[in-house]
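What follows is a pair of complexes built around chain A, which joins chain B in one and chain C in the other.
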Partner chain A sequence: MKFFAGPEYSLKYEEQGVRCVSAKNAVNKKKTKFTRDSVVVGLMLAPAVIFLCVCSIYPFIWIFRYICYDYNGFTANYTGMRNFTRMLGDKTFWNSVGHTFEYAGYKLIFIIPLALVVAVLLNNRMKGTSIFRGVYFMPTIISTSISGMIFTFIFATQNGVLNAMLTKLHLIDSPVKWLTSQGVVMAAVTIMAIWGGFGNYMLYFINGMNGISEDVYESAKIDGANGFQTFFKITLPMLSPVLKVILMLAITGAFKDYEAILVLTKGGPGNRSMVMFLYIYNLIFGSSSASSQPQIGYGALLSVVAAIIVGIVTVIYMRISRKLDDVV
Partner chain B sequence: MEKGHAVYSTSSKIVRMILWILMVLLAVVTIFPVIYIVFGSFKANAELLVGGTNIFPSKWVFSNYADAWQQANFATYTLNSVFLAVGVMLISLVTATMSGYVFSRRQFKGKELIYGLFVMFMFINVGSVSLRPLFELAVKLKMNQSLLSVIFISAGSGQATYIFLSRGFVNTIPKELDEAAKIDGCTFFQTYRLVILPLLKPVMATIALLSFRQGWNEYIMPLVFTMTNDKLRPLTVGVNMLKNAGDGTAAWNIMFAGATIAIIPMLIIYCMFSRYFMNGITSGAVKG
Partner chain C sequence: MKGKVVSVLLATAMVMSLTACGGQSGDSNTTAPATGDSSSGSSNSETTPSTTTAQDGETTAPGGATTIEVWSEDRHDLEYVEAMIDKYNESNEDGIFINLTVITEDYQNMIKLAMDGGTAPDVVGANSLPLNTFADNGLLIPLNSYIDADETFQKVNEPYEHAYEGSNAKNGNIYAVYSGMRSGVRVEYNIDLLKQCGYEQIPTKLEDYIAMAKDVTEQGGGEFYGIGFTSSSPFERLLEMSAQVSGIFYYDYVNGKYDFSGYKDILEAGQRFISEEIAYPDQQGVDNMRALFAQGQFALWSNASQEAGVFTNQIPVEGFEWGVATVPSLTGEIKGALQTTPSKSYGILSTSQKQDLAWKVIQYFQSEEFLKGYLEGGYSLPISSYMDGVIDKSKTGRLADFSLLDYESVYPTPPAVNLTGDDYRTVLWNAIMGYVDIDEAIEDLNTRYNDALDADVAAGSIKRLVIKDYDPLHPSQGTATYLEQ
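What follows is the complex of A and B.
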């Protein structure tokens, strides 16, 4: 083997020599090589960029094209400002905006504290922490459409398991009309949303808490802080940057939810659980109950308005959270 | 990190015990709907229509599944779901790793702009309206007769998260490896395929799981695309179509079985790879 070592070395040196000599040529060659390389780069980026253009940018532009049209999928008529005036007088839409805020409010009020408390407890290294975490997170892997369906069975008035249990525990006398009474349908929708989402936010919180140094807790313990003090004086303040991000994700997420509601209640009864994106979906693809014609132009306008509403809420939230920074 | 082996006083022990019991209760509540559906799928239809608090069936009926599989077309639905989920997964893996690598390693004109567009359209959400132009496009291209259009759109609208994930991961791989590969005569693409891709395995596992879940759970889009075509429906749509059918109350047992078929594969995958799921969720959202 040793015999081969010599020639190998010399080969390497020779190669280097060749490189030095041809350095001049390389300058000329550089241009062609650069283009071939950039073609490769372009090709590798192409699928993602094409997807971005087709699936995100094209629909976005398309929407603006039909804002002033009456379009049912086949014929489009220019109607000028009529869509705008219709929107201003559309009670169903503005009610659905109200319901969206209501739903988002309920969801956040319950889901964020629950997720935070659960995360803190899991961080305390209880027995079976990883099992708890796995179970709590489990609902998020189930399709929202399927969980909507599951809860239709659970909330069923006559033969639903929830009413049966509540009756057995003597908490209610007559079955609650979870999905068909205007008074409680929001509660039903909220329960489903909490079930499906709190594991997700719990995981965000756990992840954020991993960033808090163990020493801080150690010294707090030495100073004699109890669990509540540790939570309010240490965990919460040190978590606040993460908390802000999580809250923003939760807010924008809650405003976008409509899939599970579509399955659970279809926005009923009497549009009581109609959120704005569900109303828009019904306009654009025709609601399944009534064989109404799709009203795509009007739906396009409303979806722009809905996107703006979500945008405004996000901006307001960011303002407030910045203000809180100054106060605390 | 050492586990704190603190000595707890009796009162704090009791508090911990109470908290632990509350956690168990919460876990039971969380898991209950799934248990209820899975065991309910073995109940006779008559038992389901009467209701009651029993979780376990009084008489185990296995024919629900045979009925669902044959009469209610669930064999086709399941195949479609698998096709959809695997398709979304494969496309997401290819596009995300390639563009993540390019974004991490290359400087070129317009890079900031393209990247900014990806971020921007992650936050702009106009809801279901964006499916309308895509649907019309698919009809024009005669692609609405196969699930491929659904796969492409699903992969296309979910790709941003995966690209960020893989870009972040490539950033942690030392650049020296690329340079070494280059000296050895690798082209840019060869470096990706032979050097980077094998190192991306952990993040690829995460992307694969998340995108598989995305494809498997997709609902609104396949619902819209298969309005008139029963043969293309995945499980999520097929099961819910049963519910919307006029005599829906009559077939609870089949709906329970269908929902179980839709949940169980995902649950098994989750039990096996829950760590990757959780890693992906957190690194995709909070860190990224």
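What follows is the complex of A and C.
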């Protein structure tokens, strides 16, 4: 900001023993210096700015450029508002939006409490906690396509591990069609998502808890607080800043999930597990039929709409979560 | 001032990025040095396995030889193709050095990117290149003049007999010539299991086929099943082909519009597989289901001629005999052609500066000498009657069971529309599974496909294909016309 400061700053410098120059000269000199400095600054900023433009701004412009086109990767035909009208009547897309909310809801309801509880348990000073942390975190670093394949075997109706276990435990009489029944496929997808993600959030919570001072717990202990009271009156409120960030990451992550679903169910059966980003992926890359072609323009429009939906959800969450800040 | 500097920087960066990402036009050439790395010209080489033909990594063209860059997406036949290219490069009679690069990921986009960037090859494997993009936009050149001047090539490959509208030919121009093919779908069956259940033959009528599958499942009592379906395009692997041989197709060539109405009977029959719990309970990926078939978990499987190699080498069937039969039709009669998939074709890119030499390479790849070993090696079925008569079929193993039927052909490619929502295979399988009503599914498909067709034709992005003299038993023999409305 000092670059744009007026003569009063020179007078201030003079008072501080800085070389005295007239106000007019100081301004002129600063203008000259500004020009030279700006070149240096510009050169130093250039790599970052270029990368920002090429990697972030250009793709955005590219996306917006094609939303009014039919573009198959080779030819682009301007179609005006046709993609917009198609979108409004695209039942598959709007159903996929609904499925995305449903999937995100199921995932968040289970994954956050589970990650928190496991984090609290593993934050105690016990032997072997680091092993458990590693084991629970491991799914996070496994490729989602591989985990999708593994869960295909686990959820198999006829020879699947899960059905075999449930049958042994006498919890089911006949095999559950985890991946081919519209009634239970969301449960299967959610189970896989929780398995793959909760270790990550668990680590965030553990890190957050490490930031809570031991003195607070000692004080609570002296005051006679039991474990539940400590958790609800000390741990949870003091975790709220971390919880706020974790929830935001979890929400945006849940809305953007599609890779594992692609491998596990391909959005089926009957589009029951089709989430919006998987539908967009299919539009652009997944057409297996000779009678239709890749729809990059329409997919670009849907990706913008999907981003707006995720953005709205995030904004709503941010407003609600302000209350969490008031706790501490 | 600061604002101006930032603006200039942003503008410069934008121009640079646009320049970097933009394509070169006009005189791009393909004189890349003949090294293994140079040929790909790709930005994602990590995900595009590539190879060259030279021995022990030595990929330099001999002095005086002109390098012809060849891209292919076929990996299954690499051992044979590499050996033959090595042989050619060693003899080097034409002064040509062939440099082969195999690209198995995102093949079409890689070619387009390479053309834009001036690093495109001269010859490309053209099995899967859609003509509505590669020919209509001038990326491939017509080969008619080369073909017409070469009688030997015509004798071996029969290019005009196997010119399929929309696949390798359009409006009289041939852009690639097929020398191999994958058969249409066949039924692969567990002979021992069917014998055990009292069946010797595969019924030709769909109703009887379903009844047999049901009986096998009932006899299996949960131990084995009558039939299995995969989750990967299941409709295409049996019922769509049953519809084809019953004379039912999704595009009405005579009137130039999509029409799914004919599928109703097929869908009603197919629903029984699910509603009566005839099929194996899971629909997993293709390889998983193949493995289950190979383990004797179900008696009937259906897929094309690639299963010959799969059940012999990849997932060998052991412990029982397996047979190959034709797919059943609605009435037992054959009223329409069964779709085959032609393969092993090559095209010349319009950016090539060495098109005559590129044609010489194609001549070699599709010569009798090259093809005889290729086809006898079981990499593909022959498409030309000449090569069919030349090869020793005893050397092709189980592939001989998938030989061309007299009612197999290639359907003209219907216009590729910008479709909103699921494609027809997904919707029709959803109807089989009972997720959507059959009548609603058909009405939905007719509406969406024809709306998209009308809109795309009106926008000028595609043309309406009409074949007035269309014959469902000989779909490739009609006269194709393209209408702009």
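Side notes on the structure shown:
One rule holds in what follows: the second predicted complex is superposed on the first by the 260 of 328 C-alpha atoms of A that agree within 3 Å, B and C clash if a C-alpha of one lies under 4 Å from a C-alpha of the other, contacts with A are read in each partner's own complex, and residues count from 1 in each chain.
Following the convention adopted for this analysis, contacts are C-beta pairs under 8 Å (C-beta built on N, C-alpha and C of every residue); 3 or more make two chains touch, one makes a residue touch a chain.
Here the structure is a predicted model, which means the values were calculated and not measured.
Of the two partner chains, chain B is the only one touched by A:138; chain C is not.
With both structures placed on the common chain, the touch criterion links A:58 to chain B and to chain C. In the superposed model, A:269 lies in contact with chain C only, and not with chain B.
Touched residues of chain A were counted for both chain B and chain C, and B has more of them. Touch criterion not met for A:229: it reaches neither chain B nor chain C. When both complexes are overlaid on chain A, the residue A:298 reaches chain C alone and has no touch with chain B.
Contacts of A:82 after superposition: chain C is touched, whereas chain B is not reached. By the touch criterion defined above, A:152 lies against chain B and chain C together after alignment on the C-alpha atoms of chain A. In the superposed model, A:219 lies in contact with neither chain B nor chain C. Of the two partner chains, chain C is the only one touched by A:180; chain B is not. Residues 38, 45, 49, 52, 54, 57-58, 152, 156, 158, 288 of chain A touch chain B in one complex and chain C in the other. Touching chain C in their complex are the following residues of chain A: 3, 34-35, 38, 42, 45-46, 49-50, 52-54, 57-58, 70, 72-75, 77, 79, 82, 86, 89-93, 152, 156-158, 175, 177, 179-180, 182, 266, 268-272, 287-293, 295, 298. Listed in rising order, the residues of chain C touching chain A in the complex are 1-2, 5, 9-10, 13-14, 16-18, 20-21, 108-109, 112, 130, 132-134, 136-137, 139, 231, 233, 250-251, 258, 280-285, 288, 297, 413-426, 430, 433, 435-436, 449, 452, 455-456, 459-461. By the touch criterion given at the top, residues 1, 3-4, 6, 12, 15-16, 19-20, 23, 26-27, 29-31, 33-34, 36-37, 40, 48-53, 91, 94-96, 98-99, 101-102, 106, 108, 114, 117-118, 121, 123-134, 137, 152-153, 155-157, 159, 163, 187-189, 192, 213, 216-220, 224, 227, 236-237, 239-240, 243-244, 252, 255-256, 259, 262-263, 266-267, 270-271, 274, 277-278, 281-282, 285-287 of chain B touch chain A in their complex. Chain A makes touch with chain B in their complex at residues 37-38, 40-41, 44-45, 47-49, 51-52, 54-60, 62-63, 118, 121-122, 124-127, 131-154, 156, 158-161, 163-165, 168, 195, 199-200, 203-204, 207-208, 214, 218, 221, 227, 242, 245-246, 249, 252, 256, 258-259, 262-263, 277, 280-281, 284-285, 288, 296, 299-300, 303-304, 306-307, 310.
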